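What follows is subunit A paired twice: with subunit B in the first complex and subunit C in the second.
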Partner chain A sequence: MAELHGESPLAARAETLAGSSVPGAVQLSEVAFTAQITLRVDPKSPAAERIGTAVGTMLPNQPGQVARTEQLQILWMGPDEWLLVGPEGSAGRIQATLAEALGEDHGSVVDVSGNRTIVEVTGPRSRELLAKGCALDLHRRSFTSDQCAQTLLARAGVVVLCRDADEPSFWILVRASFARYLADWLADAAAEYRDRTRQAASVRTLANGSDR
Partner chain B sequence: MTGEYRLAEGGRINRDRPVRFRFDGHEYEGFDGDTLASALLANGVHQVGTSIRYGRPRGIASAGPEEPNALVQIEEPFPEPMLTATTVALHDGLVASSLPGQGRLATDPDPARYDAINAHCDVLVVGAGPAGLAAALSAARSGARVIIADSDTEFGGSLLGSDEELDHAPAGRWIDRVTAELRATPEVTVLPRTTVFGCYDDNYLVAVEHRGEDTFTRQRTWHVRAREVVLATGSHERPLVFPGNDRPGTMLAGSARTYVHRYGVLPGHRAVAFTTNDSAYAAAVDLHDAGVEIAAVVDVRPVATTLWTARCVERGIQILTNCAVTGTSGTDRVSGAQISPVPSGDSAPTVASELDCDLLLVSGGWNPAVHLHSQARGTVRYSEEICALVPDRATRGVRTVGAAAGTFTTGECLRTGSEAGSAAARATGFDADPAEVPSSPSGPVTPPQPTWLLPGLSADSDHDQFVDLARDATVADVRKAVGAGMSSVEHIKRFTTIGTAHDQGKTSGLLSSGVIAELLGVEVAQVGATTFRPPYAPVAFAALAGRDRGDLYDPIRVTAMHDWHLAQQCPFENVGQWKRPWYYPRPGEDMDSAVLRECHAVRTGVGMQDVSTLGKIDVQGPDAAEFLDLVYTNKMSTLKVGRIRYGLMCHADGMVFDDGTVMRTDEHRYLISTTSGGAAGVLEWLEDWLQTEWPHLRVHLTSVTEHWATIALAGPRSRDVLARVTSDIDLAADAFPFMSWTDGTVAGRAARVCRISFSGELAFEINVPWWHGREVWDALYEAGSDLDITPYGTETMHVLRAEKGFPIVGQDTDGTVTPHDLGMSWAVSKKKDDFLGMRSFSRADTVRSDRKHLVGLLPPADSAVVPEGTQLVELSELPEPPVPMLGHITSSYRSAALDRPFALALVKSGRDRIGQTVYGHVGDRLVPVEITEPVFYDKEGNRRDG
Partner chain C sequence: MMLIPCPWCGPRNETEFHYGGQADVPYPAEPQELSDVEWARFLFYRANPKGLFSERWNHQAGCRRWFTVRRDTTTNEIFQDDSHEAVTR
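== the complex of A and B ==
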């Protein structure tokens, strides 16, 4: 096998995302090829406990809670559903770990790595940018670091993950087929920051050149 | 620029920034800070149009959003219809014209940008007058998240239109200080020029922000979810009903005061003030002090209040108590007012005098702006004290303060606002004390005298007494409605159209209730008022649409191979939100010839299609087999690992709702496919049953649609092509039989390969993770190049499957078709105890013999394709209507393999009619078609193994 991966869903929008990034406002980029595994298991079962031990952290049991290990982020997606996000190439390993811990008990482990890609949104204007299409309250008082939510961003179903509430950083997990739409929407929503930068620059020029 | 109507100084306009504009073809000049209305008045222009029904001249009647008359059409910078001159901020290059009622939409797309944003807060304060500012300040100081919004370009509300002092200094200082503090508080969002126009359940409010003509986004719609809401929306002055009350130059008294104080504009030179309360006195005094001659204050009350009498006497202003204005004169502008003593009883009034004037100030009291309170389903009651509707019971988390609550003194507005702001913040868990408020000298306000209809006027004058200026509705109209027997204000509103114009009755609503009450001889409280509905003020559709337009109108879903399709310049078919290649025309080909070529290639060589859009659901658990037996009509538990079965799903009514394949990947695991458009609906359907009806079943469903990119390779040479890119899969027919799957390597990538055929030909479906899709597609295309491998689209797929009689759910079915109707009884198990739809198969309606069956149709070999949707009839000549219909054509194509047109149709008792000829009604012709079996090609199925 040649290189591990082929073409990510947003490879064709890399320039769009980079071009929409505005220093001091927002940065947009794709985090491609992560391993993503959906786990379904009864949270009160011994199997859930064994899985917790195997992955190195208990499965989060609060809505929208995210647990982290060195390698993994474990997103609470429902009362008996989690999404495990790991580094590129680790899908097989994660599945094996989960399957072994699950043993013969009822539960399911499904590789969904190709199902969604991730758009990383960082910068001081991140929340405002997302608020243009997301009805959830993303304020740091209500949506803190290591919290996630399944919601709509514009018209695409997404998982929003707050990676850092202080230095705003979000991951938007989006279905591969919707990724370009979402990238285009984000670029459009971020356009005002670029425009603002341009205007600020022209105002400065004006200020320097006149007695205003 | 000072003229005879612009004061030399004063007002909040920026005199260093003159603004040029055009109105009705004339050039004018105003100042930055003016509205179009104030700039017109400064140029002596009162009349801004004619009325919608009677073409009567109409002028600027107010200074705010309650304006019933001054509708204008904006021509430049961009055509916009029906804005009120009183709310259009003056800006350079503005071109506007007067408008008799209806506006004109632009024919060109609007170049401005409109967008939307969601916002959340602990306390939303609507209105930034004294009450709103005090409320926001109290809440903000507690650290709560606060949003304060006001329609106006600057904060201050009623204080902007007066010369009031707070803490013995001009009120402007306090406004500026509070606004600055709010702006500097981190968790506070300050939104001037923002109209909150709708208040919905659970404190969801919608506002539109007018960001200005030179900004990146012209208007932004705010979707606000607030835990607590403080409504400080102020009040609107009410006009009076009297003959000739629509003549330009007639203006609400408080508005005239606003023009003087805020804009430095004199709305006239000689005024008569007609009032039922004190506030017109304030206007008369202020206008006098600004240089307007006050001919008289005409007060319907028998006695004027001492304070105002004294102030008028000081200035030599004549007060005529117990008098009314009973007529006006003038052509395009008021030139005189007829004054009569208020008659007692039914005796007709006698005109005592006529006073010359070019301005007639009116005040009938003040209506609290209870719109948002009422939209939130708060109740209102009629207050005898202030002769207006006030909030009664509020919905949870909504507080109304200030003039909107019927509180009319500045001091009380400040105090109650401050308290409401702190109470709202406390309700959200913040430790908030009411902010200290400045002292205000304003004294008590005496109640108005209720005045709806002047007594004793002749019925002739009814036509001249306007209740709703925007709708040109008069007392005569109301009298007609009452005379016809109507007593409900809702009925009369609809009959007279009062309150239905752009202003939604801000000045006319309660006025009409008062008039109705007088005509019916009942109390105003009994009549009540009509329902307040959003929007509070008109909103442009463009603002509501926001960025949901063009390519962003709806998501466009694409597959991993989309760019390849784009490079072929193929037209796309919309399947749900998916874009699917329709056909791949070569140079010079039209659709028909491209599809014939593609069909021929699949039947004789090899074709390939992107089928990634098919829905895919992973089904796992010890009870997965039992579950699938319940949701499919056929049996899936008997399927062996490694094999695939076609399955039909029905709703409980027994009608086909989706179809696809079921692949058993393990003892307790299946991968099922759905139609492209049905994927989400099927998953929801299955989860619904699993979670609500069969929670005991241990099954988990996971959507994996986009994890896989899927390529169909079809045609007698497909095995040859696949063999070139795989070494670890034995492709021989016996080793890899029809309807089985295997894992292997295709073009160097891990793949799951299935032997499924939707064309009847030897075919494979190759599934690889999304991000390998394009690469494997390219490899297959390359591998088949010497065999002229032919990419094909949905149209060819449709033709090929129709030749085999395979139905497409949603095209050959419409929710009224059972598996039996489709001739697919073989896919309905008779061995299962239960499955969705089973019971419905024994209903009388589903077992009757004359149901519509899916059959084949053959038009004459040399004829054209009969259009889909064509109705089928029995006879070669149409009888008299009603003509009995036998059914209709559901799919119709030209077949490359048969070299003739063919079709599928749903026909009554179709299977019993095989061999018969029926007629398709095409335009004005009847085309004979022969009913056949639905399978046209390779009936024996010999081709599927190649």
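== the complex of A and C ==
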């Protein structure tokens, strides 16, 4: 029997993403196979408090707020809904922790790791790149570190997560079926930075040539 | 393009939302008592005012929650509940 192996939704676009990355402007890559768990529970219930204790941080209660622990990022998805993102292979463990803390109370814990993949966008031009297809104000005064938003990026539904506002780093959580489209769109949107770098390089070569 | 204030996510573009029609249409208390005409009236008859209109919206591409806004159908100005000052337009 063939060995079981997983292929991430953007495995076929790894080269596209790497090829569109421009050092000093913007870098694109996939963060594949993260563990993602959707949690729904009444935020005012004792169960929510027990879950907070179990994962090591209170569930964020402000729209777009993200809480972090050593392993987990907990994204606010709705007034009674959170998305927990953890490292590869930790889905079962997170799910067990949450289910145990929830106990018999009303709520749900669902493994949605296969639902979305993550595109990481870093570099000083990342905001400019994302702004080409996103209506939100991504400036760091209004969209800071550890904030997330569910919105449309290039008409595809995504969750945008700001990992670091000072050295811009974003995670774009996108449905597996939209991932290749979005990767292509991002690669296209990043093309101008590559061209600009090339132009600058050729201008330098020309200038050096005329000096001689 | 309208800017619609989601009570959770704040003002977002109209394209993120799904329209849900007239707000506060009560479900009949005794639906089995209704005649066909009354039932059709409940199902299909909606107000279509020129001016202020209470309507349901769903923030489909965002937090996926339903909420009610009052909108002026002539100017597309949106009012927060019970206020006469437009929130967005």
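By definition in this document, the second predicted complex is superposed on the first by the 205 of 212 C-alpha atoms of A that agree within 3 Å, B and C clash if a C-alpha of one lies under 4 Å from a C-alpha of the other, contacts with A are read in each partner's own complex, and residues count from 1 in each chain.
Heads up, the rule we're going with is that contacts are C-beta pairs under 8 Å (C-beta built on N, C-alpha and C of every residue); 3 or more make two chains touch, one makes a residue touch a chain.
Keep in mind the model is a prediction, meaning the values are calculated, not measured.
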{"item": "Which of subunit B and subunit C A:Thr53 touches, first, second, both or neither", "value": "neither"}
{"item": "Subunit B or subunit C, by number of subunit A residues touched", "value": "B"}
{"item": "First, second, both or neither for A:Thr151, with subunit B first and subunit C second", "value": "second"}
{"item": "Touching partner for A:Gly78 - first (subunit B), second (subunit C), both, neither", "value": "second"}
{"item": "Touching partner for A:Thr69 - first (subunit B), second (subunit C), both, neither", "value": "neither"}
{"item": "Contacts of A:Ser113 with subunit B and subunit C, given as first, second, both or neither", "value": "first"}
{"item": "Partner chain in contact with A:Asn61 - subunit B first, subunit C second, else both or neither", "value": "neither"}
{"item": "Touching partner for A:Ala135 - first (subunit B), second (subunit C), both, neither", "value": "both"}
{"item": "Common ground on subunit A, meaning residues reached by subunit C in one complex and by subunit B in the other", "value": "135"}
{"item": "Sites on subunit A touched by subunit B in the complex", "value": "1-2, 5-9, 12, 32-33, 38, 40, 106-108, 110-116, 128, 131-137, 139, 141-142, 154-156, 175-178, 180-182, 184-185, 188-189, 191-192, 195-196"}
{"item": "Parts of subunit B lying in touch with subunit A, wherever the complex brings them together", "value": "115-120, 145, 216-217, 223, 225, 547-548, 551-552, 554-560, 563, 578, 613, 618, 620-622, 669, 698, 700, 702-709, 748-749, 769-775"}
{"item": "Partner subunit C, residues of subunit A touching it in the complex", "value": "63-64, 77-79, 81, 135, 149-152, 157"}
{"item": "Of subunit C, residues touching subunit A in the complex", "value": "8-10, 12-13, 15-16, 61-65"}
